[in-house]
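Here come two complexes built around chain A, the first alongside chain B, the second alongside chain C.
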Partner chain A sequence: MKKIVAPDYGLGETVKSHAAAIKVAIKEAILPQTVTSHYPGERRRMPDCFRGYLRFDPEMCISCFQCSFICPANAIGMREAPDNRYYPTIDYGKCIFCYFCLDSCPGGALKPTKVHDVAYNDVDEMLTPTCDMIDMPEIIREDERYVEYKIDEHDLSLERVKGLDDLAVELPELEKISMVSVCVAPENCLSCRVCEEVCESGAITSALDGDEIRMTIDTTTCNGCGLCVKECSMQVLRLVRREI
Partner chain B sequence: MMGTIEALINLMMADQVAIPLLDPILNILYGIPLLGYLLAFILWKPIFAGLVCPGFATLGVILMLFPWIERKLVARMQWRVGPREILPQFGGIIQLLADSLRFLFQEVIVHRDAKQPYFVQFPVLSFIPALLPLLFIPAGVIVAVKSAYGVQIILALVCLFPFFILGLGWASNSRFAYIGTVREAFMYFAYEIPFIIAVLAMIVLYGTSDPVAIAGMSVPGIILNPLAALTFFIAAAMATSRLPFEIAEADQELAAGPHVEYSGILFGLIYVMCYEKMYILSGLMTILFLGGGSGPEIAILGDLSGVVYFMIKTVIVMTLLAALRGVYPRYRLDQGLKIGWSSMLIMGTLALVISLAEVLIL
Partner chain C sequence: MAAAGKFEWKIAIVNKPLKDKTYFENLKETVIDTGICSRCLTCACICPVDGIIAAKPVDFPDYKERCTDCGACVRVCPRFDYKPKYGMGEYLEFVAAKSNRFVGQDGAMVTEIMMSAIEMGMIDRALFVGRNDEWMTEVFHVYDPSQLEMGTLTGTKYTFATVLKDLKKAVLLSKKGVGIVGTPCIVSGVKKLQKEYPLFRERVKLVVGLFCTENFHYEELAAFLSEKGVDHNRLIKTDITKGKFIATMEGEEEPVTFKVKELEEILPSGCSVCTDFTAVEADVSVGSVGSKPGFSSVAVREKNAAEVMDYIREKGYAEFGGDAVEKQLEFLINYKIGRFYVETAEEEGRDKSL
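What follows is the complex of A and B.
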């Protein structure tokens, strides 16, 4: 029968191990190396690319519906505003914070924030109307400092910095590519006037020329939203770069 | 009749605790008829030692605060938070008050199989070895009973503790309590002999066993005989069931060992028992190895300066004992017995040899 014997480390090694254990205990008792952030009193500083609550700037919106089309969770709905334009509303009950909407927005109307702690009273309230998305949500800030995690070679450490972290993210101004809608095959146009109905900026007009209706696109008023391109049943419209 | 009272008051006034800081207030209070007598009684040194420090009141404060200190400290070491919900502004400092209220109002269940008279008696009786040694522990110059054999008396009373634990474990008549009790008995013999030898080494070294005289020595014992101090410290950890030797209680295996069947205020009494023992052993360690209440004199505190130093040293020793909980896991029973019967016995004997050598050579 094989007998299992506990390893014998010798006196020196034993004393050394005890000393090491006690040293760690004393170190932690005096200055604990915890990496817990005490949330209401301090916030973790999120990176600028953090995907949080969305803000919306109606001035920049061209009502192109791109955000609503691309939303994989179908959280964005377009609602008609009093100025007869369509603006996005976000249902945060569905939103998965993928930020596809923000990435696809041609006008840069959707803006990121680092707010991740919004509370709602009920599910209906989570459908945020456009007017509530313009300003930052109201936050009661209890934090006096923010916390940054630093990952060095071996370990994770935590650094506390006094002061409030700005939760709004200001993105650098994007280089805007101005697009315009053109008709590439006017001979195929059915003159169904869907594009005219769908156009928000009134750039597409129809006029009776003899016994046929002729559509014209005013390139100066066209904002390049691409709705007509999407809706055209004969697919004769294209979005192209505006020539300056 | 009046003459007797007069003589008593004179007796008390001759041996008062001198506190220069409070003298103006005390002089006014002594003048008030009944209150003055009461104050003279309380500030009479033997009564002060028994009632206030290191006696009853200090013990109460220690019992109310120390488990909290222990839990907070160990929590800090282990990256936890510790008690927090009750009075969170002060880190849950009155947690033990809440606990004791809970113990007080909880029903005491005496189960059918228990040996009922003993089951109820032993937790209460265990206060005898807890309170009596305090009479012999001097805080500075304040001591209740001056005795040339003080250290031995403290030792003898402290050694009574396990009997009460064995008694209540037996009276519980439950399998967990039974196993815990047997383990306690095993551990008792394992630590008791090195413990007594370590104390003996110090008595041999000092040539006296009067706690007041030992505390008044110029060189603290930990410098004269560090090996005895180490043996005493480990034995104290074993005696108070601190974590590396929490073999008898062993929460994970035995629920709570000998006191698994207890509830309510009886459990409360048992719960504080180990802290009482810790306080007494820390006090004894302070006297034997750390020079008792000696330290730079604080003039305005008078006699209380010794009390302050004694308490500071005692609490430090208690904290060290408690901090073991954050460092070590529990030993198995056989490992504990091996440590007690081999390493510590050898260490204790060596300490005795060192003491004898120092006495003979110096």
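What follows is the complex of A and C.
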């Protein structure tokens, strides 16, 4: 049977932490105020696959709305930025941290972090605008060390490590989503070229060919963002799996 | 798929009479500015950037920035390459009928046909024109007969409606098909859409046309009626019978009546060039003329409409009052043709009496 062993604190440390707790209790009795303190005082080092607060890189975003489409909790809203592009905002009051948005992002603009304990003063504040998602949230930390779970052959043990855990996660470059846009009903196409206008990767082009307009989707450069599919007013475009 | 890594398709370019101008400018100069626009809004239905609005006249306010110059509006406009339709058109049967289930204008057969088509699974939504308390028209998507209980969806409104603007949305949302009711100009627009784009051919399953002499702009008709002493907030029903406009108001025993001829001063220019009284292109045309009071005249033209009529007969949803009289329509058909002739004669400076 596996058992979890608590780290050994030693006598001096134990007395010190008890004294700190009594100090807080006395302070609260004389001058009551709301206090939020971390418990336990030490954090566990989260694994890299931990799903926490999301970070956003506008440089990588292609405004394809995939994150807001896929969000099962309807937490992601797209807002127009001063540069006339649409970027996601996340309502952490609704977010269920499923990371579907991150998985569906074709450009890799959404990045994971291990931050999981962000406090808000009210519900409105939980709707995080895009500008607040770019940098890591500032975290005031009282802890100086973190606890790592060590799993050996028989037991699960905790080990205290000095220093702070890095809460940002660097992911290896995302694999290209193997979707590609194709025209399923060319006879319904209005040749309005709205798809060409919205295509970020320049895969859709139009050219005059005699008395016809030739529309072309370059399937090698198409990044499968689905922006053209969304914008097509006659719904003639469809995303299909890329044939390998 | 053409070459590897490329997906190609081609679309024929639409003919453009004014070569150095955009398609919308072509439409504006040849149809809207010349006053032959019927305000059917087929162009607004197909416009990929949803820029054409139902103003008076129809307009695309910021076309310089937003128009993609695709030519779809010109391709579907029934008045762009206008070939006036007239007469009774071809029909399989022309009968007088009265719905047993619904209350509406005359025999309420439009409502009956649409609801029966929904019931038999031919269509899953029908576009109806409702109205608000001020008698402004609104488009409603009807899926279920219970939606008709509000009572404003049936009955004639005599003002332009934006039914066609909603058609693309309805078509893309529907699973089985869409039914649409409209004046002859709207029917022509739908038929043009069906001719040009398979999407509409497959999904618009039933087109009901209405007998129509003219339709009015809301503001003009409202101003005209209030001059005649009609209070829009109390108005229950409007009707045109035997050359008289009849407006029935709540709490008034005697309806306000006047001769339809008086309405000529607010007749929209697009209606004065129209010669189609019976909606000859529709799958089925319905109107009051040609049958006795309380009945609708139904001219079944296409197979799909005949199926619906057979269903109505089988279920006994309507009472049939024998054949409708085609002769009674002749006067109005000729009236519209005559009006068109006078209009064009004026333009060309010919003698009107000819």
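Here, the second predicted complex is superposed on the first by the 140 of 244 C-alpha atoms of A that agree within 3 Å, B and C clash if a C-alpha of one lies under 4 Å from a C-alpha of the other, contacts with A are read in each partner's own complex, and residues count from 1 in each chain.
Keep in mind that, in the parts below, contacts are C-beta pairs under 8 Å (C-beta built on N, C-alpha and C of every residue); 3 or more make two chains touch, one makes a residue touch a chain.
These figures come from a predicted structure and were not determined experimentally.
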Query raised in the report: If you stack the two complexes on chain A, which partner ends up touching A:E138: first (chain B), second (chain C), both, or neither?
Result: neither
Message: For A:A21 in the superposed arrangement: first (chain B), second (chain C), both or neither?
response: first
The chain contacting more residues of chain A, comparing chain B with chain C, is C
- Query: Looking at the overlay, what does A:E59 touch: chain B (first), chain C (second), both, or neither?
  - Reply: neither
Contacts for A:D155 in the overlay, against chain B (first) and chain C (second): which applies, first, second, both or neither? neither
- [ ] Based on the superposed arrangement, let me know which partner A:E170 touches: chain B (first), chain C (second), both, or neither?
- [x] neither
Would you check which partner chain A:A29 touches, where first means chain B only, second means chain C only, and both and neither mean what they say? first
### Message
If we overlay the two complexes on their shared chain A, which of chain B and chain C does A:T220 touch? Say first, second, both or neither.
### Response
second
Note to self: Contacts for A:D124 in the overlay, against chain B (first) and chain C (second): which applies, first, second, both or neither?
What the structure shows: neither
Check: chain A residues flagged as touching chain B and also chain C none
Listed in rising order, the residues of chain A that touch chain C in the complex are 182-183, 185-194, 197, 208-209, 211-220, 232-235
Listed in rising order, chain A residues that touch chain B in their complex are 21-22, 24-25, 28-29, 32-34, 36
Listed in rising order, the residues of chain B that touch chain A in the complex are 73, 76-79, 323, 326-328
Contacts from chain C onto chain A in the complex sit at residues 5-13, 46-50, 68, 70-72, 168, 172, 197-199
